[in-house]
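Sharing a structure below in structure tokens format, with a few things to ask.
Per-chain residue numbering starts at 1, and chain names A, B, C and D are given in the order in which the chains are listed.
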Amino acid sequence: MKNTAILLISCPDRKGLVATIAEFLYRHNANILHADQHQDSANGLFLMRVEWDLEGFDLAPEDFHQHFAHIAHQFEMQWRLALSSQRPRVAIFVSRYDHCLADLLYRHQAGELHCDIPLIIGNHSDTKWLADTYRIPFQHIEVLKDAKAEAERDQLALLRHHHIDLIVLARYMQVLSPEFIRHYPNRIINIHHSFLPAFHGAKPYHRAFDRGVKLIGATSHYVTEILDDGPIIEQDVARISHRDALDDLIQKGRDLEKIVLSRAVRWHIENRVLLYANKTVVFD
Amino acid sequence: MKNTAILLISCPDRKGLVATIAEFLYRHNANILHADQHQDSANGLFLMRVEWDLEGFDLAPEDFHQHFAHIAHQFEMQWRLALSSQRPRVAIFVSRYDHCLADLLYRHQAGELHCDIPLIIGNHSDTKWLADTYRIPFQHIEVLKDAKAEAERDQLALLRHHHIDLIVLARYMQVLSPEFIRHYPNRIINIHHSFLPAFHGAKPYHRAFDRGVKLIGATSHYVTEILDDGPIIEQDVARISHRDALDDLIQKGRDLEKIVLSRAVRWHIENRVLLYANKTVVFD
Amino acid sequence: MKNTAILLISCPDRKGLVATIAEFLYRHNANILHADQHQDSANGLFLMRVEWDLEGFDLAPEDFHQHFAHIAHQFEMQWRLALSSQRPRVAIFVSRYDHCLADLLYRHQAGELHCDIPLIIGNHSDTKWLADTYRIPFQHIEVLKDAKAEAERDQLALLRHHHIDLIVLARYMQVLSPEFIRHYPNRIINIHHSFLPAFHGAKPYHRAFDRGVKLIGATSHYVTEILDDGPIIEQDVARISHRDALDDLIQKGRDLEKIVLSRAVRWHIENRVLLYANKTVVFD
Amino acid sequence: MKNTAILLISCPDRKGLVATIAEFLYRHNANILHADQHQDSANGLFLMRVEWDLEGFDLAPEDFHQHFAHIAHQFEMQWRLALSSQRPRVAIFVSRYDHCLADLLYRHQAGELHCDIPLIIGNHSDTKWLADTYRIPFQHIEVLKDAKAEAERDQLALLRHHHIDLIVLARYMQVLSPEFIRHYPNRIINIHHSFLPAFHGAKPYHRAFDRGVKLIGATSHYVTEILDDGPIIEQDVARISHRDALDDLIQKGRDLEKIVLSRAVRWHIENRVLLYANKTVVFD
């Protein structure tokens, strides 16, 4: 794999933006590999992702800020530089259901997810065997009804200790507190087992079955303080019929959940997701 | 097309049901073309659709009731006999948007919908040109804010006059009163421009756009007294991305609406839809 | 609708390309509305579509060539400038099946297709009623087995007379001669009723039915001298099952054909399609 | 899980068939759980799958044949009785790619596949770690270019020794000989990484990429002596665009392959697949 840099920009849309950015990269001899941009005319917003080969680029990553700061200031940019050499550190939270965990660990092992996974936290220990198979440390932190704060305190200590960049809730059946979420803004990805906003909250398959929908869905989204309301990263659906009992919905749903969650995680760690107005732009 | 009879049955699930029905049809020399059944074990319910060629069948349709009554009583059946020779009479209600109306009329003319359409009712007259093209009587009944009851009275008079069996709301932008709906229970099909139950109520595309969903949907359902809550007949979705502005959602949605509504109407008039527990079984 | 210009570029990928183009547009005060680019690293190719508002742009469209020629030459560009004010002139060829024609004409009338349709040519006159409904001149040119050359000569004369930019084969059941195709390179769009390259050639639904596939498809593509081999613009599929007889395949296929063809036509007339290596890039 | 029997029937379509079968089951006090039938009018064929609870059924499975033989003979049935208590014995063949193997083993362990897997045969040993994880015996049988017959002889010996009912080729990159296939007619399931019949044979992703298709597919089918020509059990597709390089096709394809193969395997072992005319009927 090439050693690349990725520049993510979000700013008010103004003339000369692209010319200025492109000229800057050209001046420093960047060999651009991919460039995507989006203009949201309703919000007057410009969003961009540009990736270039670091070979031949004449700025050291640590000097980029200093040289780019003037442009960023001029155009009021929110921006971030990511390096493909810096693999994000991901923690996976899990309860008893193991299909999403198994899927993520297999993909990681197979090289589909360019990240490190130094930590799995389970509020049950049922899935420890999977962690062991893939040789990833598993921490069992029980979440008692009246002692959630203590559990979250222990979780946060572990996350800090492992320098975690992203938390993936792989069918973690607990609601995180607002205090916890504030430590990882837009850095917690959840999989909800419905086509949000339909059936937000508990037991979506049961409610989908009762409502008699003809498609079931899954939604991966960033976790915010409002339950199941954060920016949606990816969704997909599968067709069902009267021949599907509730158990069939749950089984078909598992395949959706795995695929929808793994796409979201991959896009996040490849720095393809930009956020605005509680929505995502995915440069895939 | 063959001259066929269709028997639709819904009853408590009991042993001997299929044997009894099959023996009855065999005894009267029915040449069965299609048979579908469904057992809902949670509700202890048996649902069946069986279609046979009337050629060689030794009961006249008008005598069927008398001969089948004993079996129907024994198994506590709700049942109905439909004949392919009796084309349902369909009225289409429409407002200003004409894409669903144009689609239904084209399909009807092309022979995809085996029904008669003796009546189109519009609360605006914008779509009269389409009715004229396909030579279907168009009635303009304005629905004033304070005079909905009068409008519905006029509508009902027309529906009765034309012996209407099924009402199709082809993006008819008015909410029907409970009184009106009670005249046509499970015989009014609506198209809602979202993946219900998400975005029920008004302006679903706007709300889908604001929520940042990655798929838009459409839902055809029977109209009940609770808005957007009736039994769902069909749903489908289409993928969208950040590149789609609100207008693109609306345009992509039109194709969904046309297809989802036309499927529901076709299944209904081909007697493929059975109802229970506010859900549908579609024997397609 | 805004009055816009669209620049389409295809050239060898070189550093400084985007910077040069963006600087040129900025210097002439272009208000960029959309910009998409694609780099094909295997072929060392750069492809771009950029659209800007002509309001405030300080070059008259007729002067663009003169000012841009230097850059185009420097980077060995194949390029084209399109104006939203110049609506392409489209001719539709049709045989007896009318579903694609009906769909295109309805969409055109509804404002979904920004083109003029001054001409429909049918080798049968069955669809004349549709042309009349939408008030578009219909020309019946019979194609006799031994006189195809004469028919094509008459067709070409009509196309020239009407200054046609794009020919749409809306289930036109004739194979065009290489001589004919050479007059409209990459300007003839066909709809093939299979998922190409599966079932290229005749009677694809019959062959799909015989092969027992579980999905049927449709493919829109540019017509080249090799049958069903031109660059693919769009494809889609629909699920079928053993319950679908051949007629059901054909009916389900019609909906696919309509949608796949109309997408391709829309993308072409909105100048969203770029070609290379017998493939398309669609900037949608 | 209930202890059930499944009767699979294929025979010429005749009046009285369903009545006779249903009466037979009723007479022996069968509590029918599911019944599906299909009539292929073009071929005059009747196909049926009926499943009932063995609790209360008054025939022992070993006596079923004797009692049913008369009916079977009368209607010229091809038939088979399967018992949910008899789990099929499945062998998986694999090469170096491990995604389908990993998926099948995980699903088996999670209870989605009601079979035993006593044997994995690899022509490479790369995937042994997966077999070890799930504690399934792994046999490495190298397939040398000039010694395929010897390899197949060893494979067949192992298959016989383990009383294998079904062979699953989980991206096994070798072509089996006609002699081998004849030992397991309609009992070898392959996953082909294209939407057959498109791109049958070698390197389908490369050819799909070169042809510029807009969807990629995967096909699970029974293996027959003609390469990639056996009865199709399941197919699915995923959308791609110009932004997908060949590696992206391969990665997206892996998810298709896993899902399409696992569905086919599940349907086979649940006795849901019936065969005729080189096609499948899947009673799902």
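In the analysis below, a contact is a pair of C-beta atoms (placed from the backbone, for glycine too) under 8 Å apart; a residue touches a chain by one contact, two chains touch by 3 or more.
The structure presented is a predicted model; accordingly, all values stated were derived computationally and were not measured.
Peer 1: Between chain pairs C-D and B-C, which one is joined by a greater number of C-beta pairs in contact?
Peer 2: Result: the pair with more contacts is C-D.
Peer 1: Taking each chain's centre as the mean of its Cα atoms, which chain lies farthest from chain D?
Peer 2: C
Peer 1: Taking the mean of the C-alpha atoms as each chain's centre, how many Å separate chain B from chain C?
Peer 2: Averaging C-alpha atoms per chain gives centres 36 Å apart.
Peer 1: Taking the mean of the CA coordinates per chain, how far is chain C from chain D in Å?
Peer 2: 41
Peer 1: Specify, in ascending order, the residues of chain D that touch 2 or more different other chains.
Peer 2: 41, 243
Peer 1: With chains as vertices joined when they touch, what's the shape: line, ring, star, complete or other?
Peer 2: Drawn as a graph, the chains make a fully connected set, so complete.
Peer 1: What part of chain B is in contact with chain A in the complex they form?
Peer 2: 38, 40-42, 195-199, 211-215, 217, 231-237, 241-243, 245-246, 277-282
Peer 1: For the complex, give me every residue of chain A touching chain C.
Peer 2: Touching chain C from chain A are residues 15-16, 18-19, 22-23, 25-26, 29-35, 37, 39, 41, 239.
Peer 1: Once bound in the complex, which stretches of chain C touch chain B?
Peer 2: 98-99, 102, 106, 110, 112, 133, 243, 251, 255, 259, 284
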